[in-house]
Structure formats: C-alpha cells, structure tokens
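Each of the next two complexes has chain A plus one more chain, namely chain B in the first and chain C in the second.
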Partner chain A sequence: MARADRPVSGRQAWWLLATALAASAPLVQQVPLWLALVAACAFAWRAALTWRQWHLPPRWLLVLLVMAGTVGVFLQYRSIMGRTPGIALLVVFLALKLLELRAARDAVATALLCYFLVLGQFLFTQTIATALLAGLTVLITTATLLAASDDRPQPQQQLRRAALLLAQAMPFMLLLFVLFPRVQGPLWGLPQDRFSAVSGLSDTMAPGTIAQLSQSDAIAFRVRFEGAVPAQSQLYWRGPVMPAFDGRSWRVAQTRGAYPAVPYAGSGTPVDYEVTLEPHGKFWLFALEMPATLPADSALTVDYQPIARQAVRNRMRYTQSAWPEAIAGERESPAMLRAALALPDGGNPRTRAVGAAWRAQHGEDGAAILAAAQSLFNQQLLIYTLNPPLLGPDMVDEFLFDTKRGFCEHFAAAFVFSLRSAGVPARVVAGYQGGEVNPVDGYLEVRQYDAHAWAEAWIAGRGWVRVDPTAISAPSRINSNLAAAIPAGEGLPFLARAAWLKDLRHRLDAVTNGWNQWVLGYNPQRQRDLLASLGMSAPDWRSMTAVLSVLCGAVMLGLTAWILRNRLRVDPALAAWRRFTRRLARRGIAWQPWEGPLAFAERAAALAPLHAAGIREIAALYVRLRYGPAPQGSDLERLKRRIAGFRP
Partner chain B sequence: MLAVLRHRMHETFVRWALRVRPPEPAPIVLTQRRVYVLPTRAGLAYATALGVILLGAMNYNLSLGHALVFLLAGLGVVTILHTFRNLALLEIRPGRCEPVFVGDVARFTLVLKSQRPDTRTSLRLFVNADAPIEVDVGPQASTLATLGVAATKRGWLPMPRATIETTWPLGLVRAWSYAVPDLNCLVYPAPAATAPPLPWGGEAARGSTRDGRGADDFSGLRKHQVADAPRHVAWKAVARQQDGPLLTKLFSGASAQQIWLDWNTLPDAIACEQRLSILARWMLDADAAGLAWGLRLPALQLAPDNGPEQLAAGLRALALYRDGKG
Partner chain C sequence: MTYNEAQKHIIHQSLRPDPMRLPELEAVLADINRIILGKERPIRLSVACLLARGHLLIEDLPGVGKTTLAHVLARVLGLDFQRIQFTSDMLPADILGVSIFDRGSGAFHFHPGPIFTQVVLADEINRATPKAQSALLEAMEERQVTAEGETRALPQPFFVIATQNPTHQIGTFPLPESQLDRFLLKIELGYPDAAAERELLAGADRHEMVANLGPRIAPQQLIDLQNKVRAVHASAALIDYVQALAAHTRTTPRWQAGLSPRACLALLAVARAWALLEGRDHVLPEDVQAVLPGVIAHRLRPADDVAHTDSHAVAAALIEAVPLP
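Up next, the complex of A and B:
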C-alpha cells in the first residue's frame, strides 16, 4: 500500500524517539552499561538526524551495527536466549531501528518493539509504580501510532486522543483480565533465569547469616488467619531444619525422605491460615509449628519441613493449618537420632565438659539435661545483640563463656551443641518468628528481620520439643519483636523503630498486599475462587469464555452506540412530515420527490377534499417550521399533534 | 494467473458490495452496511505481537503482562470502531466536472459532506490505487475532492468506481467503501497537431480576405502550419526570436470574420476521428483568431458565431459525433 511507504516526517520521528526513550529508560539498570551507552548514542544520533535533517545512515552500516550489537550481547551473557539477553537484544534492535526510519511501516515496527520492552520491564518488577510507568509508556506509544497516521495535531491533542482510546479500551482490559481463562505457567522450560538473588534464609547457618537478614525490612511472606491471630510467642514459622554441623556452620540434611502426608497425630485446636509467600528461589515453604496439613504439590521432609515440588520462583499462595500442641516424632528412627547427636571431632572443650558433667549427673533423663542447659543459659547472662564480636574456632565456648554476646544463631548453635555433647539429640531450626499485623488490612506481615533460629531437642516420650534459647536471654524478642529486644543505638531497619513511619508504611504495605493478592496473584486458582464467589458454578474455560464473549459483546455494543451516537439526526419536523406523507401514500396519494410541500398539499387536498383543510394546515405548519424565519417550538408540537390526529 | 483470479474475485466482491447498479443516485450515503473493515498489514503485525506478548506473560506468569495484552487488545477493538466511524455515514455528492480533450486528465470533483460534530480525518479517495488523494472533512462541513482519470476516448466519460478508505486513527485497521457517483466528463477529440489551414473561401464565406491585405487589421500570430501562405509568415517576429518556430500573421476584419468549418470540405481519405481532430483544431484556431465560425457536420449545423459558448457547443458536437457506420 502506498501509504506505508510514505516517508517518516520530522514530527513522527520525534514521537518515535520519545516512545523509544520511555520504553527503554526503565530498563537501564537491567542492561549492561556499554549497551545503555550505545542506546543513548543511537538516540542522540536520531535526534541529530531529525534536528539537522541529515541523511539516514546507509543500510550496510546499520546491518553491521546490529551484528556488532548481537555479538556484544552474546559475549556479555554467553547466550542470546533467555530473559536478560533477550531484553538486551530488543534494546539493540530498537536503538538501531530508530536510525532507519524510512517509511511509515518502520514507525509501526518501532511501536511494537516498545510494547515488547514494556513486557520485558515486567520480568524484573511488577510493582504499582512499574504499572503506572508502563501505562505512561503505552500512552506515549499509542500517541505515536496516532501521529504515524496523522502528524498534524499538537502533541497534547495526540496524547488526549490516545488517552481517550485507552480509556475506551479499559473495560475490555478489565473483563479480559478477570475472565480470560488463566493458564499456570511456565508453558515451556525456559524461565530458569526468572529468579535471581533475593534475600532470605539459606540452607546453611553460620554466625552472622541471620543477623544479616535483620537489616532487611523486605516482606518474606504475609499470612491471613481464619480465626484470631495466635499469641506472638506462638508464631514460630518453621523453615529449613539443620541437623548437620561441621564445626562452624549448620546445614540441612543432604538426603532426606519425605512424607506425602503429616505423619503425627493431631492434638489441640488447629489454626487455619493462608500464606502468600514472596519468591525466594528455594524449595521450602514456611509453616506455623507444627504443620497439620500440606499445601498442594508439596511434601513434608522427615524433619517436618514442608517443601514444594518446585522452587518458589513466583509469589505463591497456599492454605495450611497447624497444630500448635502436636507431638511429633515420638517414635523417631535411630538413624535420625544418630544424626541429631553427631558432633565434629574436637573443638569447644569447655562446652563438651559441661555436657559430659550433665550426662554424668542425669544419665538418660533428657528432660533434666534440657532443664540444666536452660539454667546454664540463664546464669550466663548472655546478651542478645545485632553486633556480636567475631568468634574464633571454638565459637560455642567463646560465646558461652567469654564474649557472651550473640544473635539468635549463636544462641541456637550453642544450645544444640551443648545438648548434643550431653547425649541429647538436638537440631537447629531456622525460620521466622513473630510478624506484625497490618492494622489496615489485617494481614500478618513477616519480614526478613523476623528471621530467627531456634533449637529442637528430642526427649523420649515427648518427641521433638521446641526450645528457643534466645527467649531465655531476651524474652522480649519473642514476646514483642526485634526492636524491643535490641539495645537502643544498634542499627536496625528504620521501619522497625519510628512509629509514625510505621503507620505510613502499614498503609503502603496494605495497598501493595492488595495489589499482590488481586492483580499479581490473580492466578487460575484465584480466578476460579472469585468466579465461584460471584455465582458462577464450576467455572471452567468454557463457561468463562462464554461469559467473556457475552460481556465483551455488550461492551462493544455500548461503545458502538456511543461512538455512532450522532448519526444522521433527522429533523423532528421532517420526521413528522414523513409520517404524514406515508399515511397519505397508503390512501394512494404519494408524495413525489420533486413536489414542494405546498404543491403536494394542494394536489392532496384536491384528491381528498374531505381532509383538505387539515392537509393545508399541516403543510403550512411544516413549511413554516422548515423554511420560515425563527421556527417556534410550539409550532412543532402543533404539527406533531395535527399529524397524530390526521386520519385520512 | 493468481493475479487474474484475485482481480476477478475482487470485482465480484465489489459488485456485490455496491448493491445498486452504478451510477448511484445522489446523495450517496456510506451506510454501515456498505463500509467494510479489515486489519491492515500493520494490524496483523500488531495482532501477532499481542499473541507473542500473551505467550510470554503466560510463561513467566506475569500478571501485568496479561494486563498489557488485554489493554492492547481492547485498544485494537476500539480502533476498529473509530476507524469505522471515521467513514460511516459520510455523504458523497457529485460535483463539477469540466470537459477535457482526449489525452488530458478528466477531473471529477466530489462533494464530501459530514453530519458529524467532529472532523473526519485522513480520508483517502482514489480511482487508481497508485494516486490516492487525502482529505479531511470538517465538523458538519463539506469538502471537495477531485479525482483525476486519464481521458482516452472522446465522448462521455462516466466516473469510474471510486474507493474511499481510511486507516485513521492507529493505522491498524482499514475501513473502506465503494461509490460510483453519477458524474460524467465530456471528452473532446484531441485537436490535431497538424491540420490543413483554416478553410477560407468555403462557399459560404462572404468576401475573401484570405491574403490579409486591405483594410483588415492585424490581429495576432500563431504557429506556422505547413499549408500557410509564405507571405503570411511574420518574418520580423521570427527574426526577433532565437530558434523559434515560424509564425503566421493572422488578420481580422469585419468582412473576414466568418468562416465555415465543414466536415465535407476535408478530403474523403481522412478518417472520421482524424476529421474530428482537424475540426477541433480549426475551432480552436478560429476562436483564438476571434473569427465567427460555423460548423457543418453530416447531421448537425451550427450557425457562425464566436465566443466561449460557441466553442463549447462546437467541441461538444464533435465529442458526441456519432459516425454513421457505428
């Protein structure tokens, strides 16, 4: 088509430059620096081309540049597939496409590239701010498409028109968003790179690993309880269980079996809740102790830790319940107990000596040894601090008897070590403790600074018993929160202290949570739940498509009616006159197109002498209304009445 | 082969689409039923891009990616309506069409009228897709659009089928319609490039001043033709210009103004169309010289006169001349 070959005008070139900038600016952090600079140069070159009306660079040069860019991306990532290299390539193409804007079709291609880049932005972040920014980019891109087909209007006019078009597209978006049958990705095995480093618990625990997390106020997960929120001191969110110790760090067991269902009997009232877990890239899920049910597609390891079948790479929502008083592991296998007693050769002689003394005093009585350990921790007046001193090779000894300052991982590690040295099976459990209820939406928010480590000891007849040695020295850590337990002056995330800021943050978090739950977390499950709650019985893709089609059709009709609202509006006098002539035509007196109204009236009066007066009056009224000076409103009413009463 | 088939299918579609047998009575209103909408190539690319974005959004579970696709899909639907609306219910009336000579371009003027309270932007009209013209029609206003068609045959040239299309606002869909307004262009025979001299001294010419002497005034110059008398060549004028053509002096005088341009004075060997061309040339020359001329055709006679009406009547007679044979 001739139109697509029309050269791109200066104004259109500016629009395209603006779109390209808007689409690629948010990705600056994601692409390598050299690429950002190349893109900036290309944009500047484009601006100069338009400003100075230079000639476009020759095609061979562009081909060369595209090849160079592709090779550069390949060298950077060792691949041109996947998320980041793909986006880097798109940026290369977009930047160089701007330098070969020859015809209108290049403008359309550029706009489409920009839409792809908006999608690329969502791969990295999907916050409300991103959505707003993306909305702005789409607005500019749409205005650019408008300018590509008619570049005369001013930029404000183009933007206004684009906004109008997008506003009209909004109902379709909402309907499609709610009703378009969702598919749970991934569709193919590509997105291994979807997840990149996110802070959170790891599968090893060395001194300092959890203290590091306490500096982050990022949300780890949110919980909505069916009933009342349990007491703060009961909120132990079980994460990775670490029975293996190498003298410095604790880690999860290498090979573990898994139970498909909970292996212990329930007791007490179950607590039902729903967790919205932020992606952390590991397999484990967090459950209130002790887990009573398992989320779909998950299993329970032999040390009672729920793990998902796939690593948690997307925000994930699951419902669960807990038995706070359940007795787990009453009949533990000897292998497990052996693993929970293993100690490295040598090291920490003082603690070992204490353990041996307990063993000598209490023998096989695990409960008594546990009580002795607790009283030792109590006597030692240990200090809970975010800034513990560095420890040497015998770190349990140094912590317990010399420095006496530590964070929860020191407490847990020392406690488990002392129990093991006295012959009581014990292990470290990492996870989160506590959380804070957001008063705005009632969700319990568990943040990274709530990360915690505690101990679990196996006592004959009672199974695995949770012991939190931190609670012995810093009960406020468990009963209220971190800020209460840490001496003033130590570095804490800002949020953990200032109250007014906390309130503001609560509101923002509630909005973010709503966004996460309803926009980002709108998955097949949530879609089914929502539609079922709206009264759709057994929503499947068929019924969804049917409802979607009907509603979209209705919106389409409404929009069509609105868009075509001012079609040929017939003058009411003419409409009335047509009614009149139709009535006469039925009597065989047809109005001929060439006849004036008065001439027709005379002819009709002659043919129907009975109605002559009525016909003449109607014609006179009509002529006055249509052709007379300043027609009167009352005349129209009169004409309508006369015609309504006219029965030839 | 494929092109022929495509062309034939297109013609069948157009015949069906027009519904009335052309030419259509005025005013032609492009009602909803005769405005067609299909995506353009850009629109197809847009749809494909949306499909790819949707796949990406599904694969990476990007809720905002879904929202983006759905917004753009909505935009696509909305733009169909806007493009359709840009064309629908436009009124087309035939306008003027001045006569032209064979070989010139016949210019058909159409009056486009919009009842809408806002502008119809970027309507493209064409008879031949290679040379579209683009017009806007203001709110409740009329715009003239002139379409050119090469005139190749004398006589009435009916306006061919015109296509009116628009891809405004986003260029993703194209709405179009066909119209055959009742508009005809009168095409005069092309004046012969070389013609015998004006037939002075036909039997009805009163007085003979063909030598240009006597009381008659010099009235102007024209390009020399082979048959002009050498003594009428304006040698001085020719000498003044460099390499110019020979010029012949023309004379006017009361007694010299009337000549008859007669079909029958031309030799029998000259074919019909050639005769008409020569007559057309004579008329133009006689008119330029300000002569009163009359025309005799086998079935028609125009009394001697001069002026634009006489010229128009004469040329019209030539344009519409029907050869006895066919």
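Up next, the complex of A and C:
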C-alpha cells in the first residue's frame, strides 16, 4: 500500500484534532460567531468519529457543507477575498477537512492548512504573545506531521522530535530574517480595514474629547533622544493645529498648501530625536515644538504641523530635530492672521466684553493683552479636573465665570477665545504634553493620557508664541504629569497612578519596544545600519544574498557534521571494503548495502570468475577484520595491499 | 537486486562440502537429510536451535514430516524421545506427571509425565486448552517441573519441538504472543519439491530407516557444542547490525510492534549457532540474515497483515531495508 494511502489511525486523528484546535482557537475573535460554532461542531463531530469509530460522513454531505460555508462567508462579508473572509474560509475548510480524514494524504493536507492558519494570525496582530503562540502551534503541527508518517511514538516523543526539527531550522530562520533583502514597508502588508477603530487625537476638539483620551494608557508614540531628554515642561508634542471655531468645537483648517521645508529660521540648540509612532490612521506626525527638520516623505502645513503623505496605518519610525526657541511666523500672511481672529457671531458676551476692555486699554500691544489674559486666568482660580460640569451655549463664559472647572480643552478654548475677542490672533494646538522615560530602555513613552491642548498667540515681532493656560491653573500637569494635577479619586487609568506596578510595566514595555524596533520595525534602513555595523560596507541585495547563501551553507554543513559525527568515524577495514566494492561496481557488479561480504564475494566470484580467488581472499580478510574475534593489524595491511592491487 | 535473488547463489554455494565445517555436525545433518528429503535449510535451522538451547516451533500442515524430524533428531543425537499428543481435554498432570497413592508403602509416589525426557515432541500444541499449554511452556522456560510442592529438574539437554496447525484451522487455541516468544525459532517444513517427493515415494520405509539409525554424537559432545555456541564471537559491527535491524522494526510504521530485546538476544543466539554450523568462530551478517525468518516469523507482524504472511518475504523486506553498519 502506498504511504499516502494508508488509513488515518485513531491516534493520528487525535493529533490532527488537537492541531486544528490550536491553530484556529486564536482566530475565534476574528471570525463571526456562527462560524466559530460551526467549527466547534465539526471538531466535536471529529472527536465522536474517532472515539466511537463511526463512519465518515458521505462525500455529498461534505460538498454540501463546504458550499454552505462558502456562501455563509460570502453573505457575511459580501466577498470571499481579503483578509478576514479569507481566514474565515480557511477555518471552514480546516473544520470540514477533519471530517474526511481517509488516508495519510488527508492528514498531511490538514497539517499544512494549520500552518497557513498560523500565518493568518499575524495578519491581525504581531505582538510577542502572538509570535510565542504561533511558535507553539507550529511545534504541535510539526509533531502532527511526524505522527502522520509514524503514529507509534508517544506524544511527548513526537513533540521532542518536532522541537529538535524546529531547533535545527532556527539558525536558518534567523539568517533569513537578518540577511534576506528587505523591501520597504511593514513586515505584514495589511489591507485597509485594519485601523477602523484606534484611539488618538481627532481633527476636532470639543469639550470632553481630550478628557476621554485620558482614560487610555495605550502608547501613542515612543521617542529616543540623541542627547539628554529635555525638561518635562518643554515636551510639547505638536499635533493638529485648530484655528477654526464654530461656537462649540475647534477644528483644523482646510489645507491651503504645505511647506516642503521648515519656513522659519532656527535658534538655540537643536534637539535630535527619533519617534516610533503607533498607527493612528491620520496623516499627522507628532513633532517637538518647533520642528526644525522634517521626516522623509512629509511636509509642513501652513500652521507648522508635519504631515505624512500617507495616513499612518503601520507603525512608523522617523528622525527629526526641534528648535526649542525658534521664532516662527514672524511675517505671517494677513489671511492666516484673519483666520486666527475669526469668531462666531454672538455668544459669550461676558468674555467678549473683557476682551474689548483689554483692547481699549492696551490697543495694538499684543504682549500686554496676553499678559492681561494670563492674569485673568490666574485670578479666576480655575480648577483642572477630569469631570467638568456640562456647559451651555455660552461655554467660554460659563467656564470662565460660573463653573470654573475644566480640562485642558476648556482652558485652551477659553484662552484663545478671550485673546481673539481682544483682537490678538490666536489658535488652539492639540497634541501631547510630557511623557515618561522608561528606565529600562531609555525610551520616552508618550501615552494617550498625555494628550493635551494649548494655545498659540501671534505677537508682532515674536511670531507665534506658545501659551499654555492649563499651566497657569495646574502647573503640576506640565511639570510632572496628569496624575499629579488631577485630584485623587478621579478616574484615571490605573497605570497613571500605581507606582508599584510601573516597574513591571516598564519592563514589559521595554520588551515590546525592542520587539517593535528590531523585529517588526526591521526595515531596509535598519538592515543597512546593522550590516554596516557588522562590517559590510554598502550592502546591496546581491552581496546580502551571497552572504546569506554562504552562511546557510555553513550552517547546513555544521548541522550535517553534528548529525554525522558518529558515523564519520569509519573503521579502516570498512573504508577499504568500500573502495573494493566501488571498484567492482565500475565493472557492473554492484554491492548491495545490505549484502553480507561473503555472500557478495560468492556472487561477484560467479560473475567475474577470473578474479574469483582475489575476491574471495579480500572478502575473507575483511570479514576477519570486521567480524572476527581478534583483528590483527597485519591483516589490515594485507587487505589494503590486496585491494590496491585488485584490478577487475 | 533483491535479497532473494542474491540468495539463490548463496544457497547453492553454501551446500558445497566445506572443509571448515565441524565433521560431527555435518554427519548429523547428513543422516537427517537422508531421511527427510529436500529440507536442508529447515533441518539446519532446527539443529541450530537445539545448539542454541532453544525450543523449536513448527507450524505446518499434517503429514509433511514434523514428527519424523523430531524423532530423527533425537535418534542421531542419542537422546531420549517422548511424544505428547495435545488434545482439547488434556490437563497439566497429563504432561507433568501425577502422584499416586501406593498401598504397599502407604505413601504417595510421583509418576513423572512424558515431559521428563530429553526431546519432547509436543504435537498439535494449539489443540490443547491454554491451561495445558502453559504447563508445558513454563517447564520449557524454567527447565524444571514443580508438582505436588516438589521441584524436579528436567534432563539435560532438554529440547522441545512443538508443532502447531495453522491457526486458521478450526478447533485451535492460538498461543498468545508472550508464549510464542518462548520458542527460539519457528520454522515451516512445507511440501517437498517434486524430485525429493519422488525419491521419498520410491525409497525405503521411513519408520524402518529411523529405527535403524544410530546416534552420531554422545550427549556430552552435544553439551560441549552448546557451550561452544556461546563462545562464538559477535563483533561490535555485528551487534550494530542486530541493533539496526531492531531499530528499523521499531521506527518504521511497516510493523505492528518492533522486535523486543529478548527477540534480539534470540536472533544473536541462533546466529551464533548458525555460524558454528558453518564452521566459524565469529558471526557474520549472513548468519543473522539466514536465521532471521525463523526468529521473526512468530514475533514480527507487518502492520498491514491481513492473513498469514510468508516469513521469508517479511525477512527479505527487512534485510533489504537495513544497510550493514
């Protein structure tokens, strides 16, 4: 019976069931519930088939089920192409394939399907946990493949053999990972539906939008500074700039062109840093104020916010530098200034009145009006809180004069409104403020709860000046962090306060960051840098492929030598015998590897009667040496001489 | 080139008179071959089995000369011979013996059963119930009999030739695998070829020939030969080969279960005896290959075994799969 036709034994069926479970379980949250139930039923059916030794379901029923499953997937997604429908289809096929395990070839096909599903997991997540789980599943699947060819060893033996195989494959995997020429782009090309729901800043700001973000401790981006980390109060990560106000919410301006390079002159010591930005689905890149250089493939909007050419849908790494004291927009265009003065018709009469009073008092002196606004915020004794009361239509008035409680968006909105009503151009800047240095790897981690909003005022001769009204009422928010500024008892992510958990969390974050930087973020640039640091100057794909082939060959040789290390020690008599048999083989008298030497000698003697005596003598000598009780060195010399002189 | 093709040569060659071989054993074999015609190889194997102190199981149809073989062996080796016909109503006492009250002495006297002899022919062993079978098999293993609380040693040498009908015949109690393992070798005699059968039909009466047969060696000589077998050298390379054969049966899904260490010991013991019969003081792979069918016939079963499989084909497949180390 051919190997591929051998029936699948009960033990093999259990192996396959376990593998299918391991491969499809992590996908359970990706596929619709009905499909998960169908798969579970098929698995249970398989278990019953094996346990009770029932007959396999008839082929027409399976065909019907496959068609029903495919139609179901199509109805669910309106397509059978793409990531999720594709994975769903694979799960259907795997579950039903288990019901037609007739011969060894079905077992092999099922195991290969499981490998595909393991790959499928990476289309959804690429965390360390996913990789570990996938490694475990690959181990089980490999053991199943081994069991498909021989089901007698115990499960732990199969697993040990599979682990040995994978361990032998590991050096090749590492070599291929490091040296295989990389293409630009993420490790896993992902379809567009990947980032439909991620938290992050949006392009509008209304009361409550940033307070909402303070509930998330997800990482927004990580920063590695070339030099020392600047002071906490200097870490303003510029995000979307919002000059437009409709009475309720602030929004970014419609794009009116962009600068290909930074349009203002720098001053002070530049700060160099590298950002690893988590995907957020928007175009903007976060930059320390004020951006001095732009990352590749990006531009600067007219209000000095770097934006990428494509939405950030994959983790992205860019280097940048900042001028902490740049004077930006000294000669701002009148249109921009007009836009930064626009106020909706009506509303907030009290604030407008205050603004008009400042205007009357200070005239065109923007700096004096700014100072007046700051002192107003100081006098009002505003309270920084996560739970501000709801505000009515005149929200600036209510916040400043009645409720006096607000989060950073209230402060920024009210401050900009009051400046505008006094005739000073101003706008809201959203972004992140602060961040926390992870002591394990030295990266500054900026989380969603570091989201912040502040104000920017245009003062003649000084350009756009950053003013953070939150800092007036809650300086600890700026100088240390959110948790220090918010009264105890208000809901914050646990991590923002719990110091005792932080150390553990820091370590985990550092590991995750290392994974992101070196495994998921191993792009052509990283590869070039790494190879250059290993002494490969100007590595191109040709030299990389050459080095890769040489190293793979070396590993292969090493592994072979390791496996053969016992067999390589050949008995000299056996080596001489092999020489002899090779010589006869050239005469067409082939020694079979299982053939006893004397038996072969008789056969060869009959085929080459002229040499019969010589052949018999050599065989007798060899047999004495290899199988005799006390082999003698002189016999070996004689054997060698006879074989050397043997010319068939 | 298959093993069987290569083998045709060797069988032909090995039947040549060889000055290296031990003359007393050659004489024994010649005597047996004169009476049982055309069965040189099984006869050689059964003598090897005896020399290796093992017991022999012959599975074959009735009337192919099983009983004659046992009888002749006993005669030429100068050993006592008893035959036990196994039946389904047999009890252990029928084999081992029984104590009977002696009115004269007023005590029980043990009357030894037919097993107290040097060569026992246990005919149609699978006709008896497992209880009777196990009485015999225990005696074979321990070479002593415990009855009525007293242990009695069996004579030396002690050699059991058991015959069994093919297990598919009705009215048989097949021996379990663990019991089968106590037989060192299992051979088949089979029908003789046409020439041998003609000679048999034309020749003298076999019973008469057996009756006229005298011993060729003394019992002490036989025991010496058995000791000599143990001294036959098995080199490291040869033990590697036995291990490679066993490992192959254990790791390839072709077989239901691999060869046990006991089976490997049996293989080595018979190969040693075979080497001695060939007049050598060391074992060769050829010896292992020659005795392999008899050793694995009752121990190794192919995984896809549906009916009775030819043990020679099984052994040939195993030999061809394992290169000499």
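The criterion applied here is as follows: the second predicted complex is superposed on the first by the 559 of 648 C-alpha atoms of A that agree within 3 Å, B and C clash if a C-alpha of one lies under 4 Å from a C-alpha of the other, contacts with A are read in each partner's own complex, and residues count from 1 in each chain.
We take it that a contact is a pair of C-beta atoms (placed from the backbone, for glycine too) under 8 Å apart; a residue touches a chain by one contact, two chains touch by 3 or more.
All values reported here derive from a predicted model rather than from experimental measurement.
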item: Which of chain B and chain C A:S149 touches, first, second, both or neither; value: both
item: Partner chain(s) touched by A:V623 [first = chain B, second = chain C, both, neither]; value: second
item: Contact breadth on chain A, by residue count: chain C or chain B; value: B
item: Partner chain(s) touched by A:W594 [first = chain B, second = chain C, both, neither]; value: second
item: Which superposed partner A:D571 touches (first chain B, second chain C, both, neither); value: second
item: Partner chain(s) touched by A:R161 [first = chain B, second = chain C, both, neither]; value: first
item: Contacts of A:R603 with chain B and chain C, given as first, second, both or neither; value: second
item: Contacts on chain A seen with chain B and repeated with chain C across the two complexes; value: 1, 149-150
item: Complex contacts: residues of chain A adjacent to chain B; value: 1-4, 83, 104-105, 108-109, 112, 115-116, 118-119, 122-123, 126, 130-131, 134, 138, 142, 145-146, 148-150, 161, 165-166, 168-173, 176-177, 180, 182-188, 190-191, 194, 314, 519-523, 552, 556, 559-560, 563-564, 566-569
item: Residues of chain B touching chain A in the complex; value: 29, 32, 40-42, 45-46, 49, 52-53, 55-68, 70-75, 77-79, 81-82, 85, 88-89, 115-117, 121-122, 124, 129-130, 132, 167-172
item: Chain C residues touching chain A - in the complex, by the definition given at the top; value: 1, 3, 6-7, 9-10, 13, 233, 235, 237-238, 251-253, 281-286, 289, 304, 319-324
item: Contact footprint of chain C on chain A as seen in their complex; value: 1, 6, 149-152, 571, 574, 590, 592-600, 602-603, 606, 623-624, 626-629
